[in-house]
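Attaching a single structure in structure tokens format; questions to follow.
Labels for the chains are A, B, C, D, E, F, G and H, by order of writing; each one numbers its residues from 1.
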Amino acid sequence: MDFQIDWDRESRTGVPEAVFCARKSAAQIEAIIGLAHAASRRLLFTRLGQAEHAALSRPSTALLDYEPLSSTAILGGIADLTADGVGIVAAGTSDLSVAREAARTLAFAGHGAPVIADVGVAGLWRLMDRIEEIRKFRVLIAVAGMEGALFSVLAGLVSAPVIAVPTSVGYGVANGGTTALHAALASCAPGLVVVNIDNGYGAASAAMKMLAAASR
Amino acid sequence: MDFQIDWDRESRTGVPEAVFCARKSAAQIEAIIGLAHAASRRLLFTRLGQAEHAALSRPSTALLDYEPLSSTAILGGIADLTADGVGIVAAGTSDLSVAREAARTLAFAGHGAPVIADVGVAGLWRLMDRIEEIRKFRVLIAVAGMEGALFSVLAGLVSAPVIAVPTSVGYGVANGGTTALHAALASCAPGLVVVNIDNGYGAASAAMKMLAAASR
Amino acid sequence: MDFQIDWDRESRTGVPEAVFCARKSAAQIEAIIGLAHAASRRLLFTRLGQAEHAALSRPSTALLDYEPLSSTAILGGIADLTADGVGIVAAGTSDLSVAREAARTLAFAGHGAPVIADVGVAGLWRLMDRIEEIRKFRVLIAVAGMEGALFSVLAGLVSAPVIAVPTSVGYGVANGGTTALHAALASCAPGLVVVNIDNGYGAASAAMKMLAAASR
Amino acid sequence: MDFQIDWDRESRTGVPEAVFCARKSAAQIEAIIGLAHAASRRLLFTRLGQAEHAALSRPSTALLDYEPLSSTAILGGIADLTADGVGIVAAGTSDLSVAREAARTLAFAGHGAPVIADVGVAGLWRLMDRIEEIRKFRVLIAVAGMEGALFSVLAGLVSAPVIAVPTSVGYGVANGGTTALHAALASCAPGLVVVNIDNGYGAASAAMKMLAAASR
Amino acid sequence: MDFQIDWDRESRTGVPEAVFCARKSAAQIEAIIGLAHAASRRLLFTRLGQAEHAALSRPSTALLDYEPLSSTAILGGIADLTADGVGIVAAGTSDLSVAREAARTLAFAGHGAPVIADVGVAGLWRLMDRIEEIRKFRVLIAVAGMEGALFSVLAGLVSAPVIAVPTSVGYGVANGGTTALHAALASCAPGLVVVNIDNGYGAASAAMKMLAAASR
Amino acid sequence: MDFQIDWDRESRTGVPEAVFCARKSAAQIEAIIGLAHAASRRLLFTRLGQAEHAALSRPSTALLDYEPLSSTAILGGIADLTADGVGIVAAGTSDLSVAREAARTLAFAGHGAPVIADVGVAGLWRLMDRIEEIRKFRVLIAVAGMEGALFSVLAGLVSAPVIAVPTSVGYGVANGGTTALHAALASCAPGLVVVNIDNGYGAASAAMKMLAAASR
Amino acid sequence: MDFQIDWDRESRTGVPEAVFCARKSAAQIEAIIGLAHAASRRLLFTRLGQAEHAALSRPSTALLDYEPLSSTAILGGIADLTADGVGIVAAGTSDLSVAREAARTLAFAGHGAPVIADVGVAGLWRLMDRIEEIRKFRVLIAVAGMEGALFSVLAGLVSAPVIAVPTSVGYGVANGGTTALHAALASCAPGLVVVNIDNGYGAASAAMKMLAAASR
Amino acid sequence: MDFQIDWDRESRTGVPEAVFCARKSAAQIEAIIGLAHAASRRLLFTRLGQAEHAALSRPSTALLDYEPLSSTAILGGIADLTADGVGIVAAGTSDLSVAREAARTLAFAGHGAPVIADVGVAGLWRLMDRIEEIRKFRVLIAVAGMEGALFSVLAGLVSAPVIAVPTSVGYGVANGGTTALHAALASCAPGLVVVNIDNGYGAASAAMKMLAAASR
């Protein structure tokens, strides 16, 4: 088995390569860890569940900084973080795993991004209590499931671009995140952009590209 | 052609019979007008478009109180209206035709219900400016298309039951009202109930049943 | 981990806060129990499966009144119930878990609501045998899966508002409750309102708001 | 242009060949009329709208017995009808065009089948008033749109096989007949069988095959 | 827990009551067995998987004639079967469980119905080899998954009514039986009627009603 | 307005460039005709309806060989055709427009391909009558709508690769060609490949690539 | 009729208010023009089709700068444009109307953004010929219909954030833009964000917010 | 249990019979192995997972050449392979199981087909590095999940026919392979043909028929 890790992706696109572990075996993941370690490369692993992490060998896990909540692991450590303007807003407790995937992806690349949670709009005062703090960010990532009403309300209150991450939280017509996704896309709040359901990694990547655009 | 008009529906269910004109020919509608007129009965006609109304004979239209915006007609006149606690809130100008269908249905049964429009949550201040007024109603009908975020925000702010009427306003993933419908159903704001897309008549009927429940 | 429990929801919206356990860990649920217990607050827990309940610590479960059929738990006990006009009608035995979620939510708030089960319309005599009893309620919750024909028949027979709760009972085109949901929404029986699939809690919340509307 | 009319279909399958006109040009339909007329064959034409019928030449229309309501035409006349046990039940006035397509197909083959209309279950008394009459048929065709609750109620009340024809009557989630179709298929009323949306011709064909099965 | 078993269903509709076990607990099923046994009633149980059957108590299973392939159990034994004209045709080996559910339902009611398997139309000679045998039946049940092409081919070759049972066999766009279901409904082969996906019980019920129609 | 016509597509991919006219204005189409005429290039135009063709100027239409049935036009004439092994099989008369789009695309590139029509499998003898003729082709294009059963039957009878073109012929669950498309994809007949609904052009392009593969 | 134009939207969110004309009558649009003209405000009108534009009165149209291709009108003129780093890339000629809606929205706010068209990836050389030019932009808007492959390829080649605008160009499974939308969302090219189908206005709004983020 | 193995399929259609194990029990699979072994026939088994393979008896597994990655087993050995022009291109590591199912099917029939992996278009240089090698094949199988952009890019670069196999790799709107499937079908790259999601066997079968067409 040989892998083509795209080490140049960061220089080409501004976003570092990451390893999506969802369908990979322990053997495949360990092979990639070995490859990166031998080349003294840092790597981010996403969608690495607790059972899958536990199935890795001791020497492999010893190399990783693993966070169960976000199912992410980082090889090669995290440098000091710079708070350069990205904020993450999550509607409910159940959306935290996706919000943390975004935060960890940003941290891997050196960006410190606080998570402001439990501000779903069914209790609007929770969002309004923190809106001044939220308005200070240059780029916002909004994470919400169910009906995704947070996206429209938030985008109408701030001047930063808002990246909506619909989550698969909910049941019945929430339909695995589809309703929140469609709500984000159909919103009439301008300047709202959207990534795939549960895609915290993608939202963080987009946020980094937006920050980079600012410095060109 | 003979029709079975359910004259006893009102006494049985508390909601007066109405004639849904969408697939009926001018001849069929005129026959029903004749029947009701002969029996000295009042009747509400819904989904009677301007072209279809214009296709009716002069003597028929002379009997009708027709409103183009809501595509409704009333035979037998409207009595004095009682403002007994139903309010209608509409997100945007394009939702007014559905909001008016609800208002006309309520008016036909003697209930006066004001329409508060242009309070979509992408500009939240518009809703907050009028929230005290809205909180005074005993039953609320909320009308919104696109992503339907109004439903969640509103239901979290008031103690009245909220009847959501998703509308087919929007394009792309708004999908003929399906996204607004799903947003209303998937909302975590408690006490929110939902009717079919564009069904202002049904929302008004439910509101009347709720008022009637109060007086039993 | 800190949680923002919305203790004021009840005074603001008339519906008490509940904890939706579906994606929460035992640790998270126990933290919430501790928080509420320390504050001498009552709390309702929904979607707490038997395995998840069994995973809680003894001190925690000792505080809870748990009902396996409805997957609900109540912290702080149930007061004497008042039978103030809400009735719950369930089509089949398989719909009982959802019907009981509604009944427990009402009980938590002090409302006694009997469940009338096994009245699906494929054997119409079963419904007709009990229709006089059903007609006496001021607000009805109807629970049905598969094709959801009960909703239309029931709403045509009573003057109370009917809250339809479609359930995920069925297979093939029943499609996880979608057919029953669509049947409730597409019904021409007026005064029928709908909540999300399997959402007994939401139906009970709406019923409480309707009762409250009556006393304003 | 040459056509392969399946003149032997009736002897092979018990159902006469019919010409589905929906996508055929006037020229194509006239060619088929000419072919059948020359061969002294009778033919049934379905989905022949009024505009399309008006576009045919005078000599052609002179040969046809055309019924606008059902969009059917018969070449070669109708023999005396035998009332041999098929009944057609339609929920509402808007379902009559489909019910008549079934009746005309049966008539073309010599079967007299009465249409019992306006017996939708939202006003259950309308159905119950006529249930004894309906119970006498050997095979029933039930025609309904919107939520299609009639199918379940009817199939639970009779011993005849019930052929459900969902119609595209309705709006919003009625979704062009899909909800009525799914309701018929998901029903727990046993002995209910289903054909495509608006397919009155197919239901009549199936009814004829059931009658024929009886005489073998 | 009390159950309303519809003992009169057979006299009312010609189809015996059956117990759908899919969401019932062992305790519920045993209670029903006890009830029927005490009343000396025969009963058919469907969707009783091997694990669920194994979870029943010994005294209960001793009363049942259980068939794992069809997941059916019969309480009270099977009488001598009469071969009165129903045939079952199955496209592939994987469709046999559904075909057997139909056969067992018929057997419970005293009808002997042979299953002709492995006649999928991708190898047309397999069907043609047995077509004369198939043509002799008065009523046919056809069972097929994947693309469901068997339904159209078969219905074009026989004069008996054909009841299509789409199965959930297949993957990808087969979509849990939806493609086979739609293929059966969209077929232009006349006289084809359809039941829900995997619903062998429903097809057998319909076949019995068709046989009964013949003897009235 | 300037266009980038891909004149080198044929040398690069073996398939000549064609102009898809569906959303182009008369002005745009005439500009392309002018460009190609000036460069002495031949061009194929697809989806050019009769009204759109009639809207072109006289000098433009004079340059085109237009066929209404297939909505195609050819600029620069057709050379002598070589019958090199492609056959087109169409289920019904309504599928002919798509079948002819394929035939015209092949003709534009010099391949003669006969269309064998009206061989839908609901009357299987029609296909079997011509199967020996069909078996002689090296590559087959099969065109069918509704339930698309022709694809499976045909692919099981021949050794040539079969390219399925589902058509939008049908109504109700035929769903604009989706059921025929899914039937082709879910078929267990091996060697069946599929193109988009109504895409006769794409099927012809694939057939040409298959012929070309043979000569490498 | 009174309208609440959100004149402060620009200062609050960085995006100017626009009037979506799709469901508005000529009278409503003229009223808005009058309101804005009287207040000496500039306004952007989107989705104003040629027929709808022609239906406005002469004095109204005299005030507007109308562009048929993008169905946009501007009241109050366009200032000198600044080329500050936004580029628009369109896959095909048919995508130009959406690309121009984005360009006009940007122009209204003073940003000059060139449109690079006809670079669909089925002829990859067309994109590669212009990639160096494309790489110079700070923010990219990509417009594509059908299968939307351009989004993935482009996002993998540049370091700017890419805003995907799926268009409704295509037929069959292209499904009104849904396939292009899903392709953009499911892409593994990082930093790709998405707006609703055909929503050029939304993409431009997001691009402006990204530019503004850069200057904070 | 008796099985009708279609031993003549190869001579009739050019594609050898294979056994799809997905819903078969160990007993059924062993019976087929026994049957084929007794008749000295070779057989290919697909969708035989590792657990299912481990459940077979030792004597049975001793007869099989099993490959876990592709879930395929071969009875009767593989002859020397001929590299006669089929190439397999896979977008990512996760697509390898499907690519290998195609390769094993081809190997079973004697065709050697190399797999070129990790050439997804989000890093276009990976594909371009190997394009000359890829252009040499006479028939190409392309395997990709998520947004399936590889299909369009590849088909625009080569003259061989391209058989697209969408895979179920991805999450959210990737929707079990549906987005990749639709992207392949909606592509404007001519000469692209498609098989069912994850259907490596079908793609290989089609490739063999294309090779055979070349030698006729």
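Going forward, a residue touches a chain if its C-beta (ideal position, glycine included) is under 8 Å from a C-beta of that chain, and two chains touch if they have at least 3 such contacts.
Computed from a predicted structure; not experimentally measured.
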Taking each chain's C-alpha mean as its centre, the one farthest from chain F: C
Chain pair among C-E, A-C or G-H whose interface repeats that of E-F, sharing over half of the contact pairs by residue number: G-H
Intercentroid distance (Cα basis), chain D paired with chain B, Å: 35
Where chain B and chain H are represented by their mean Cα positions, the distance between them in whole Å: 56
Centroid spacing, where centroids are CA-atom means, of chain C and chain D in whole angstrom: 43
Shared-contact residues (touching 2 or more other chains) in chain D: 9, 123, 155-157, 172-174, 178, 181, 185-186, 188-190, 196
Pairwise chain contacts, counting only pairs that touch as defined: A-B, A-C, A-G, A-H, B-C, B-D, B-G, C-D, C-E, D-E, D-F, E-F, E-H, F-G, F-H, G-H
Interface residues, chain A side, partner chain B - complex: 92, 120-124, 146-149, 151-153, 155-157, 170, 172-175, 178-190
Residue ranges of chain A touching chain G (in the complex, touch as defined): 9, 12-15, 18, 20, 85, 138-139, 155-161, 163, 181, 185-186, 188-196, 201-202, 205-206, 208-216
Contacting residues of chain G [partner chain B, same complex]: 3-4, 6, 9, 22-24, 28, 168, 176-178, 181, 196-199
Residue ranges of chain D in contact with chain B within the complex: 93-94, 118, 123, 126, 169, 171-174
